[in-house]
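Pasting the structures here.
Across the two complexes that follow, chain A remains constant while its partner is chain B and subsequently chain C.
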Partner chain A sequence: MKNIIIIAVFFCGFITQIEAQKYITKNGKIEIFSETPLFVIDGVNKKVASILNAANGNVVASTLIRSFRFEEALVEEHFNENYLEPHKYPKAIFKGKIIDFDKVNLKKDGTYNIKIAGKLTIHGQTRDIEEPGKIIIKNGKISAITQFNVSLKEYKVKIEKNYKKAIKDNILLKIHFDYKFYK
Partner chain B sequence: MKKLLLIFLSFYFLYSTPIFAQDDLLDILDSEVVEEPEIVTATFKSTRIINGHSIERMVKRQLDFRINHRFGQLNEGGYSIFGLDNALINFSFDYGINDWLMIGIRRGTNKKVYDACLKFSLLRQIRGVKVMPIALSYYTDWSLKTLRGLYDLPDMHNAKWKEITPRFAYTHQLLIARKFNEKFSLQISPTYVHRNLANKGEKNDIFAFGFGGRYKFIRRVALTWEVFYTNHVTKDNAYQYPLALGFDIETGGHVFQLFFTNSRAMVEDGFIGETTSNWLDGGIFFGFNMSRVFAVGIGKHKE
Partner chain C sequence: MNKTIKNILILVAIGIIVGLAMVYYVFNKPHRDIEGEKPAYKVEAQKFFAEYSKDEIAGDEKYGDKVVEVTGKIVDITKEGKDISIVLNDEMEGINCALNIETIKNNKDRIDRLKVGDTVSLKGKCDGIDMIMGIVMTQCYIVDK
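Entry: the complex of A and B
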């Protein structure tokens, strides 16, 4: 009987080990890009934090809006002061899941096309998104890549009439996370 | 047997609960990410409050080209359309060597003055996990008046060097500012001006205390004001405290500053030391600054 208990306890422990496999990054990258004949917006944020739970494909990511850097100081100032308003909404947050995470084999190098779904919060507005992405496994390391457009209108980032020609409503986000083993 | 089952189940639940919800993941993230102090930016919209310099500098590799105008006095009347016929112009280039040091050169019509300035940041205002309530910068300016016949000085182009030195004036300023919130910022600027040559009966040294601020009442538009109290103004002379009121209007690429002031000079030793017009008898000049910032030597996202 004792043996059964030992085996059972052992077995439970084994399950937890699988389930607690989490991966983290604190310097994930988001690039934002918009181009019109009048104006190019090209910024990067290299301080994005994210955790991936390899047991179920759950993903969260969060970053400070103020961490975006632009080549032109003026663009950075406008981005913060006039549009994203980090004094009111300091963070952008994603909570979601890699829907088809089962098909990713963490032990085998390769590129897996996946789908990410969840809730994206920008400028205090939360929207459901579902976008394609890629998981790349290389030497046991996990990278997640995705790129998609967000509509400024949807997140209530107001562009004045005079600037609508200079700034597109759809802004391209390119996201790249290189995860490290957490625990 | 039942007991064993119970033990087994309790172990089972104890161990297997952590199928982490996304909120728990977010909590882990928050505890893992070290919060960084936030350096306060955009205390003022441009490098000038109105006449005087603000705490703001050009950051690294950014060049600010400014064209500043002061029109004639409003009380000149309709004949010279309330001063608009007589514009003085002043253009300047200010460049950020790095994120805490800015240099600038300037040329102004008034007394044909050339000047060079330097401004560096000693303290930045910081919010968040670390706090620094104020920002502090040091500003200095050297100006040279090149107008012929000024104070009966010899013509600069024929004079020896030591005959030119009376044409110099120097300004030293501490700029102390605080951005109280997104709308409201204040600055005090203790100022020392030394003129190598002063008018008869005047001191070469002037002390002044600048008090300026802005209130950004809607997006892209702010109300600005600035006054300098100075020991230069006494009952016995005609000098006045320079006072200016205006608006900062920011468009996509430019900052326009529209304002009224009683000083026509645009260099520190000029508007602090030579202001004689009085707001109360219409001695007001309309002024207009235009600033355009360029990124020089574009690299790719250097931090």
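Entry: the complex of A and C
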């Protein structure tokens, strides 16, 4: 009987330990970039949130479209009013997981090449994505970086006729999270 | 020189100058002046979160993209690089306010004095509500009363 209690207590401790392996950031960063001879779209959003579950590699990330800031006020205006339409679709959300997360050793400093797969929702459209990325462990801190292109067409972001030549269909996203231990 | 030709040349010159000025204005259009804008709403942090989270669509409709002045208790101050975010009300049911980069530079002492537990009023642009961050406000300024 005593042994059962000890084993039960041990497992309870084990389970809470797994549950506690969550990491969070509320100050992640997404940079978006696109360049044509006519136009440079150069924006950044520093209010991106993400939670990483280190027990299974599950990741969620979310941000608000209106938090993007652009070099040029005109681009910011167009981004909001004509393209991403945050009054209709205020959020962008990613839900998925880091494939091969088990090869990341959280206790050992280093850079690990990983793949991120899941569902990305932008402009009310959800698409499956699988993109390469990196997990960087430094002094016990976890950072995640990835960069990939998204096609405006795929997410039903319409470009006005006059700007067809000025804006490329592929927009580069650079994403950076510095996670903190989630109390 | 013929007077008519002279007048035409002057008109063309004016046309070019106006055209260039317009192009210059469009590409150098100033950003929205959040600091100078009068807040559309003045709210108390707890009530703000309660109202917004109860009906996000109605909240977006009312507060989205508006300049809002929110007063509440500081529960977290995060510095990352040059950026500072202040969370009001509650960690999970918070108003997450990113300070304007210029105001961080210009009011360093004032911002350094802020600490968890203080009550503060911040004015900024309401970007919406997020499942992790709570209500997000960007380009925030401290309102001294």
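Note that the second predicted complex is superposed on the first by the 179 of 183 C-alpha atoms of A that agree within 3 Å, B and C clash if a C-alpha of one lies under 4 Å from a C-alpha of the other, contacts with A are read in each partner's own complex, and residues count from 1 in each chain.
Note that in this section a contact is a pair of C-beta atoms (placed from the backbone, for glycine too) under 8 Å apart; a residue touches a chain by one contact, two chains touch by 3 or more.
What you see is a predicted model, and the numbers here were worked out from it, not measured in a lab.
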Joint occupancy of chain A by chain B and chain C, clash or fit = clash
Of the partners chain B and chain C, which touch A:L106 in the superposed model: first, second, both, neither?
-> neither
Name the chain, either chain B or chain C, that contacts more residues of chain A.
-> B
When the two structures are overlaid on chain A, which partner does A:R66 contact: first (chain B), second (chain C), both, or neither?
-> both
For A:I51, is the partner it touches chain B (first), chain C (second), both, or none of the two (neither)?
-> both
Could you tell me if A:I145 is touching chain B, chain C, both of them or neither one (first, second, both, neither)?
-> neither
Scan A:I159 for contacts with chain B and chain C and give back first, second, both or neither.
-> neither
Once the shared chain is lined up, is A:K22 touching chain B (first), chain C (second), both, or neither of them?
-> first
Answer with first, second, both or neither: which of chain B and chain C does A:I136 touch in the superposed model?
-> neither
Which partner does A:D178 contact after superposing on A: first (chain B), second (chain C), both, neither?
-> second
Looking at the overlay, which bit of chain C runs into chain B, 8-16, 62-70, 80-88 or 116-124?
-> 62-70
Common interface residues of chain A with chain B and chain C?
-> 24, 26, 46, 49-51, 60, 62, 66, 69, 72-74, 77, 80, 87
Note which residues of chain C are touching chain A in the complex, please.
-> 26-32, 60, 64-65, 78, 80, 83, 85, 87, 96, 98, 125, 127-128, 130-133, 136, 138
Can you list the chain B residues touching chain A in their complex?
-> 4, 7-8, 11-12, 14-16, 18-23, 25-26, 28-30, 32-33, 38, 41-42, 58-59, 62, 181-182, 219-220, 251-253, 293, 295, 298-301, 303
Residues on chain A engaged by chain B in the complex (per definition of touch) = 1, 4-5, 8-9, 12-13, 15-16, 19-20, 22, 24, 26, 39, 44, 46, 49-51, 53, 55-56, 58-62, 66, 69, 71-74, 77-78, 80-82, 87, 93, 95-97, 118, 162-163, 166, 182
Chain C partner contacts - residues on chain A that touch it in the complex = 24, 26-27, 46-47, 49-51, 60, 62-67, 69, 72-74, 76-77, 80, 86-87, 90-91, 178
